[in-house]
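So that you can tell them apart, the chains are marked A, B, C, D, E and F in the order they are listed, and the count of residues begins at 1 in each.
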Amino acid sequence: MEWYRILGSIITLIGSIFLFLGALGVFRMPDLYNRMQAGTKATTLGTILTLLGIGICHYEWIGQILVIIMFIALTNPISSHALARAAHFKGIPLTKGSVADKLKEKESTEVEVD
Amino acid sequence: MDRIIKVIFSTGILTLFYFIWTGTTDLYNILIIAFIALVISIIYNRSLFKPMLSPKKWIYSIWYVIFLFIEIIKANFDVARRVVSPKIPINPGIVTVKTKLKSAMGRMILANSITLTPGTLTVDIDEDILYIHWIDVTNIDEKTATEKIVANFEKYLEVIFG
Amino acid sequence: MNITTIVHITGFALILIGFWGMLTQKNMIKIILGLAIVETGVQLVMVAFGFIDGRTAPILDSAVELSKASSLIVDPVPQALVLTAIVIGVAVNALMLTFVIRLYQQKKSLSINDYKDLKW
Amino acid sequence: MIKRLIPLLLVISLFFILLKVATNVAPNYDLTGVAKTYAEQGASDLGAMNLVTAIVVTYRGLDTLGEVTVLFMAGTGIALLLRRKKKKNDSGIKNRAASEILKTGSKLLVPIITMFGAYIFINGHLSPGGGFQGGAAIASAVMLMFLADSSFKINHKVFVLIESFSGIFYVLIGVLGLVILGADNFLDNRILPLGTFGTILSAGTIPLIYTLVGLKVGTELASILDNMKGELE
Amino acid sequence: MANLPEILLQISTYFVSAGIILATLRLIIGPSMADRVVALDTFTVISISLITLIACMSERVIFLDVGMVYAILSFIGVVAVARYLEGGL
Amino acid sequence: MELQQGIFILMGLAMIIAAVLAMHVKDLISSIIAVGVVSLFASILYLLMQAPDVAMTEAAIGAGLSTLIFLYALHKTKDVEEEND
């Protein structure tokens, strides 16, 4: 019985559950920013765990898996930041019941620059 | 001189990436790739970053990665709890926090870490003020928010990118 | 239902949807998008012609035994053809979009109904 | 109504044609004809692990030359149609600058993406990928620089130079096959010795050709994107 | 018990597929285009996991190259759409 | 191989839905995104059909660069396309 295969597949299973929860969050949350919260965090950890589990199952692949994990951990927050910024600039509102929106005050006084 | 060190460092990093990716032991392969990495580093020599050379920074980086991973796991249980509960418990808003970090790289890592940790998402950055979407706003005051959100990371990042 | 049939049905459905879109849409960019969908469908069907169930990719690394390669791999020829088709497809799309941009600069309109000058 | 009816009839007729195709195709169970030959002899003949690469670069090398030419002509046509007129920014709207995080991140990522593009086309005979995919990766690295900094400009002279020289060398390697190995050996990869099977130098000129194709495609696609981006003087 | 890892990986594949379905639903119903882009982002990240799972099930390491290309291009695509939305293209 | 067939059917259905969406929605940018999604699903299908080269090409050129080119063209012809989402 290869114990490392079982360990790897269990990690993969946990990761895929997180991926599913992230997608569920994207589906259920009330507004764009909350969706992005769920989408970014859960999918990042889910992808990391899924890939890591497969890297443990096939330990000879671990180098490539690590590079992909590093790339995803670096790019996923950047892309969701860019998207959140664009959406806020475009005027997509926060959901009802939001407490504060300090960015709006800044954007209304901002001069467009290049 | 500074630029030459940057180019050499970046060549080394790119070759290391290639080595990790392929796991090759063929000498010709490594030589060819080192040459290509050198060409790429020379092409982008204007936008390379300063290398971190002191061992203290390396140790702190490793600690930081471990700390961040624990925070990410916490964040995920937080997200999971919010997503599966039938009446989604949120209290969102956008707040400002202030950072002490000066280097561009440090700010980027800080913003990414904030995005990955519980309940917060960086929306915009303006010099040293970060605009953060917080899923569960407890206090809209800048000082308290700074204390709650960024202080933990800054401890490490100030040393690493100091 | 085997896999080749599934992919064929998908590809043909994409061809029909894209064709329908190309014929009925008024916006020129959308017509080009329809053509892109048709291209994807055709390429899917072409790759499915070379697929053999239970075989592996035509890259003979350590996972494929070299002496028995011809009984282990799928057909590489359609893949090579599709590779060409995708690259040409994007070049053609870019060229058509350039024409659209030029037309737009002339008349400030994207609707295909505004370009009927050549009707004789 | 009639405008909807004719497309509907056309689509329905196409549906019946495709139905005929779909019902008549049986899944195949073995390689046939030329594919069998390629599978049996490709590896030992050309030293390429990736049979698709072997077909694209060597067996069907002329097709690839034509493909590169088509891409070149499309790029030239786009450049011709969208050539820059020195005029002011007519819309009067200035671009919004990218955020600092994206700028820093792109500085960090662009060398890595370029390196990965180089990996794809150099290892074209060992792993999936090749000149076209690697070129696309390099073009997307250039694209990321455009996105992070909207005032970024590529150096057109250098790009044109790289593109033309890689095209010339590509044809020269093809002609070299004719000279060294005799007639009907245009674009043969065996003008360099084949090394050990499975190493980077194992496939004669395939890595060289794919490097040239990658540079050419990368610069061409980047030029197309730059031309589509247009002027903002 | 011998094929417990395979069973677990299959269950993972079901979860990942369900995630893709949910992201696709958000893509379809998403009220604004920014929501659609969020769905696209989520969907591509999940797809990378699916690609790795396919690689694991086919036992071919070469499929990971495809995953990396997918990651690079999806990142650039999402950033491009974001920059288009904020008018900085 | 029940699982494999299931993934094929799922991908095929998703592709068809995305294609219909691309032709049906009114605003162009959603349409472009939907076509990009069709390409991305196609890429996974190629991978399942054991064609990694084609999958890579589709992901890099068909989904990535093609979307960018469409976005640029849309940007250049933006004056009429008002926001109607």
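Things to note:
Simple rule for what comes next: a contact is a pair of C-beta atoms (placed from the backbone, for glycine too) under 8 Å apart; a residue touches a chain by one contact, two chains touch by 3 or more.
Quick caveat, the model's predicted, so the values are computed rather than measured.
Chain centres computed from CA atoms place B at the largest separation from subunit C. Across every pairing of chains, the maximum count of C-beta contacts belongs to A-E.
Centre-to-centre separation between subunit A and subunit C, using Cα means, comes to 31 Å.
Between the Cα centres of subunit D and subunit E there is a gap of 24 Å.
As a whole-number value, the distance joining the C-alpha centres of subunit D and subunit F reads 19 Å. Rounded to whole angstrom, the centroid-to-centroid distance between subunit B and subunit C, based on C-alpha atoms, equals 39 Å.
The residues of subunit E that reach two or more other chains are 13, 20-21, 32, 37, 58, 60-63, 65-66, 68-69, 72-73, 76, 79-81, 83, 85-87, 89, listed in rising order.
Multi-chain contact residues, meaning those touching two or more other chains, occur in subunit A at positions 22, 24, 36, 44, 46, 60, 64, 67, 71, 74-75, 78, 80-82, 85, 89.
In subunit C, the residues that reach two or more other chains under the touch definition are 3, 9, 20, 50-51, 53, 56-59, 61, 73, 79-80, 83, 87, 94, 97-98, 101. Each chain pair that touches appears in this list: A-B, A-D, A-E, B-D, C-D, C-E, C-F, D-E, D-F, E-F.
Only residues 93, 95-98, 102, 113, 116, 120, 127-129, 133, 136-137, 140, 143-144, 147, 150, 229 of subunit D touch subunit E when the two sit together in their complex. Listed in rising order, the residues of subunit C touching subunit F in the complex are 1, 3, 6-7, 9-10, 13-14, 17-18, 20-21, 25, 27, 29-30, 32-34, 36-37, 40, 43-44, 47-48, 50-51, 53, 55-59, 73-74, 79-80, 82-83, 86-87, 89-90, 93-94, 97-98, 100-101, 104, 108-110. Residue ranges of subunit C in contact with subunit E, taken from their complex: 56-57, 59, 61, 63.
On subunit D, the positions that touch subunit F within their shared complex are 50, 52-53, 91, 120, 128-130, 132-133, 136-137, 139-140, 143, 221, 224-225, 228-230. Touching subunit D in their complex are the following residues of subunit E: 62-63, 65-66, 68-69, 72-73, 76, 79-80, 83, 86-89.
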